[in-house]
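Each in structure tokens, the structures are laid out below.
Two complexes, one shared chain (chain A), two partners (chain B, chain C).
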Partner chain A sequence: MAIIYLKNINKSYDNKVVLKDINLIINEGQLVVLLGPSGSGKTTLLHGIAGMIDFDQGDIFFGDQLMNHVSIDKRNAVLVDQNLLLFPHMTVESNIAFGLKMRRVKKSVIKQKVDELIRLLELEGHEKKYPNELSGGQMQRVAIARALAIEPEVLLLDEPFSKLDIMLRKNMQEFVRALQKKLNITLIMVTHDQEEALSMADQVALLLYGEIKQYASPNEIYEKPVSKEVADFFGVRNYFEGKIIDGEFHSPLGRFSTHLSDCEKITFMFRPEQISFGEKQKDSIEGIVKRRVYSGDKVMYTIDVRDFEIYVSSFIHKDFKVGEEVALQANFDKAVYFI
Partner chain B sequence: MRVKWIIKYIILTGLLFPLLMMIGWSITSGWSWPSLIPQGFTFRAYSYVLEPTTGVFKILINSMILSIVVTALTLLVSIPAARAIAFYDFKGKSVVKVLILLPLIVPMLTVAMGVHLRFIQVGLANTFWGVVLIHVIPGIPYGVKILLNVFELNGNKIETHARILGASPLQVIRYVTLPLITPGLIIAGSIIYIASFSQYFITFLIGGGRIVTYAMFLFPFVESGDRTMASALSIVFILSITLVLFITEKIVGNFYEKSSRYYV
Partner chain C sequence: MRKKIKPYIMLIPVMVFILGIFIVGIVSGLLQSFGYFPAIGLKTLTLQYYKDVLSSPSFIRALRFSFSTSFISSLVAVVLGVLFSYLLLYDRRRKGGPLVNIYKVPIIVPHTIAALLIFILFTQSGWVARLMYHLGFIEDMKYFKPLIFDRQGLGVIMAYVWKGLPFITLVTFDILRSVENKYAKTAANLGANHFQVFWYILLPLILPTVASGFIIIFAFSFGAFEIPYLLGPSTPKALPILSYIHYNSVNLADRPYAMVINMCIALCGFITVGLYVLTFQFIKKYNNQ
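For the complex of A and B:
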């Protein structure tokens, strides 16, 4: 069941288009990630769903209810800002209870709900503390508990883990993911970190320049990008253009056998890790190592092949020096291509 | 370390010395050059202050009530003004920012004399509320300027967040805005209170001598050269201000949980 439906959303600031014809359907209980570089409009979209800004055009539906003119406090879509914005003058308990208190819920009910959330978010022992006495991860959990307290239709997270250090970030990602599944809540999250998006999401919407370029499962968006832009974002570096004649791919780099049928123009794409070093043989591409960048677990090579640059990443046990001649292997049968 | 210690005590002595002189003067019958300590002890000034028939305390209490009303009214005007300047863009905002400071630049006497005529016309001259209104004017620059900084520091994101969590605009003010600006309110309020409590001439002009504040009561003693009386009354003046500030800090601090937790 679609719980959130965005229809033809447009938004511009000072004649600069921020969001362009956004259409998005989010199903109940899903974790959807809006992925994109800074300035792609993802946060604007999230703020619009929360009701913090109005879109210029387009409709937002929660279920079958039109939400365009529902005010921010009645929307039941709660945003957790990247700055968390906990109330500094309230204890952890009062922070979590805030939304319920504003709704004039009975004290005993609030108490019960707060206790439940404290347990759920593993904040036992911190009830009476103030936000400035908490660690980054604890503050994050308080902010999420505060949002969950009012049982929102949808929980919105804006770059929730960007300020945490790497270890804590991984923990919180797993924690939030597990929590979302356990409570079966609908969650929309904004991030610029593709790894975070791919590891957490049910569905990823890639936003570039205010447009949704692809909306698919993590697996699909990574394996089968629909355009070069999407492929670029997910780390594809090598594109081979050419045509196929009689089961052979003709390109400036040479000829390679393929099972694909003939076509006039085709582009194959390879991630740096999809090309490997090998022995010199019929299908191999020969070139010279131009650059070598060491990055811990991997080495990234730039290989010069007849005025082309091919990017190859390799594990450390195969080490080549700059200037060395190498042979590369690429599997055109398994590669993703555009026609 | 040693130098730091010495500097600390020099500053402390510099601040306390005039106060010690004043205490000395308030209990002496004469203190002439070149003696280092006062000659002759008298309790004349304090018995005057404590004597019910002289009405010192009545004037003091009246004066405190006046200044408290002035402070409340000034803050009431300053909060929305400061918030608007901090968060909204409107035409002539920079001009307004300068105009706010005008009462500090233009002598209050000029303002009071200009306003006096109008006050006579509308019947505010020689009344409590007339004096209150004229005291509000010099308080506004302090109120708006301090609160403006507090609002700019806090930002309004946290208020928007309270709205997202379901708070109505009024609830936001009650539960979020006011608690967050409380430290600023205490500081601004203290300065406004002191400024009002110390006003002499504009009170005299607008109050027409019917509204007698403590500063007005004190002035003739200073002018006539009765140092013993002037010193004793000044000490009472200082004590009363300290007392008010102390009580405010206590009440407000307790009301909004622990004041040390604020960001500002």
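For the complex of A and C:
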């Protein structure tokens, strides 16, 4: 069942278009990541869903209820900001209880709910502490507990892990993912970190320049990008331009066999990990190692092939030196292509 | 080590000036209040002047008058100042235009001018009385309730509120705006309505600032001379007036009485400074997020 439906959303600030014709369907219990660089409009979209800003055009539905004119305090879409914004004058338990207190829920029910969330979010022993006495991870969990306390229709996370160190970030990503599955809540998260998006999401919506360029599962958006700009967003890639004649791809790098039919202009895309080092043979691409960048578990090579640069990533057990001649293998039958 | 000491060394000239005047004044006043006034031959330290002053009904009345006028005027200024700041926050002109800045005008008006304005407006022959008479609310101007020189000190309170309100608004508005920017939407997003946002979030977070504002205007009005002198009743008198009368007496032997009253005013000042420090410790408790 679609719980959230965004229909033709548009938003501009000072004649600058921030969101353009956004259409998005989010199903119940899904974790959807809005991915994009800074200024792509993802936070604006999240704020609009929460009711913090009004869109210029378009409709928001929660289920079959139109939410356009439902005020922020009645919308039940809770946002956890990247700055967390825990109320500094309240203890952990008062922060968590805040939303329930505002709804005038009975004290005994509030206490029960707060205790439950303290256990769920592993915050035992911190109930009486003020936010400035907590670590980054604890503050994060308090902010999530505070949001979950009112049982929102949808939980919105705006770059929730951006201020955490790498180890804590990984832990919190796993924690939030497990929590979301356990409670089966609908969650929309904003991030500019592609790795975070791919590892956490059920569906990823890539926003560029205020438009959703692709909305797909992590596998699909990474392996089958619908355009060059989507592919570009996910990192270093290689484009081979040319044409196909009689089952052969003709390009400045050489001729390669393919099952595709004849085509006047085609661009194949290979990610660095889709090209491998191999022995010299008919279909191999020969070149010289120009650069070598070590990054722990793998090495990124820049290979000079007839004035073209090809990026290849390889695990550490295959090691080549700058200036060394190498042969590369690329499977054109499995590659993504744009016509 | 040298680097650590350097700022203190550089501060010595100004500290000598500030603390010098302060300490000399306090010590000299304290000695005179204990009856040590060699200029007129008093060289024996005694508590007699304190006993006389503290048991005097006029002192008790003056203390009560000063405390009540200062406390009420500060409280009213704080409540109205906070509400006014909140209204300014939601005013369309909040980005700051000339109209928004008009409220700041009373801050630069001297207290004597403020007293004069209150006098012109609120005496029985003042503008307000005339207006009410012409509008038919009162049959004669003599029926206008005396607000100046009255025993409750209403004129004094009005003058202090007129001066204190913009000061409180000034110190509150910026902090209120920053707190509102930061937390109001978060609270609303969790289900709080406008009143709940103000009551549970904005007010507690600006309270330390408001409290320190209250302490500042209370301490000032408690020890200030001009307004109760110009607008206050002949009896009871405000503490600074009582002190002034003793100080100005042709009988120099009355001088220790003036100093005892001054020491009482200073003691109240120190207590309010203590409260001020405590307030800031309270702020520190949660402002390091």
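Following the convention adopted for this analysis, the second predicted complex is superposed on the first by the 338 of 339 C-alpha atoms of A that agree within 3 Å, B and C clash if a C-alpha of one lies under 4 Å from a C-alpha of the other, contacts with A are read in each partner's own complex, and residues count from 1 in each chain.
Going forward, contacts are C-beta pairs under 8 Å (C-beta built on N, C-alpha and C of every residue); 3 or more make two chains touch, one makes a residue touch a chain.
Small disclaimer: the values here were computed from a predicted structure and weren't measured.
Participant: Should chain B and chain C be called a clash or a fit once both complexes are overlaid on chain A?
Facilitator: In the arrangement built by aligning on chain A, the partners chain C and chain B clash.
Participant: Quick check on the superposed pair: does A:Leu79 touch chain B, chain C, both, or neither? Answer first, second, both or neither.
Facilitator: Touch status of A:Leu79: both partners.
Participant: State whether A:Arg271 touches chain B only (first), chain C only (second), both chains, or neither.
Facilitator: neither
Participant: Scan A:Ile150 for contacts with chain B and chain C and give back first, second, both or neither.
Facilitator: Both partners.
Participant: Quick one: is A:Arg103 in contact with chain B, with chain C, with both, or with neither? Answer first, second, both or neither.
Facilitator: both
Participant: For chain A, what residues appear in both contact lists, the one with chain B and the one with chain C?
Facilitator: Correct list for chain A: 50-52, 72-75, 77-79, 81, 85, 87-89, 98-99, 101-103, 130, 132, 146-147, 150.
Participant: What residues on chain A touch chain B, complex-wise?
Facilitator: 50-52, 72-75, 77-79, 81, 83, 85, 87-91, 98-99, 101-103, 130, 132, 146-147, 150
Participant: Which chain B residues qualify as touching chain A in the complex?
Facilitator: Of all residues in chain B, those touching chain A are 157-158, 160-168, 171, 175-176, 179-180, 182, 256-258, 261-263.
Participant: Inside the complex, what are the residues of chain C that reach chain A?
Facilitator: For chain C paired with chain A, touching residues are 182-183, 185-193, 196, 200-201, 204-205, 285-289.
Participant: Sort out for me which residues of chain A touch chain C in the complex.
Facilitator: Of all residues in chain A, those touching chain C are 50-52, 71-79, 81, 85-89, 98-99, 101-103, 130-132, 146-147, 150.
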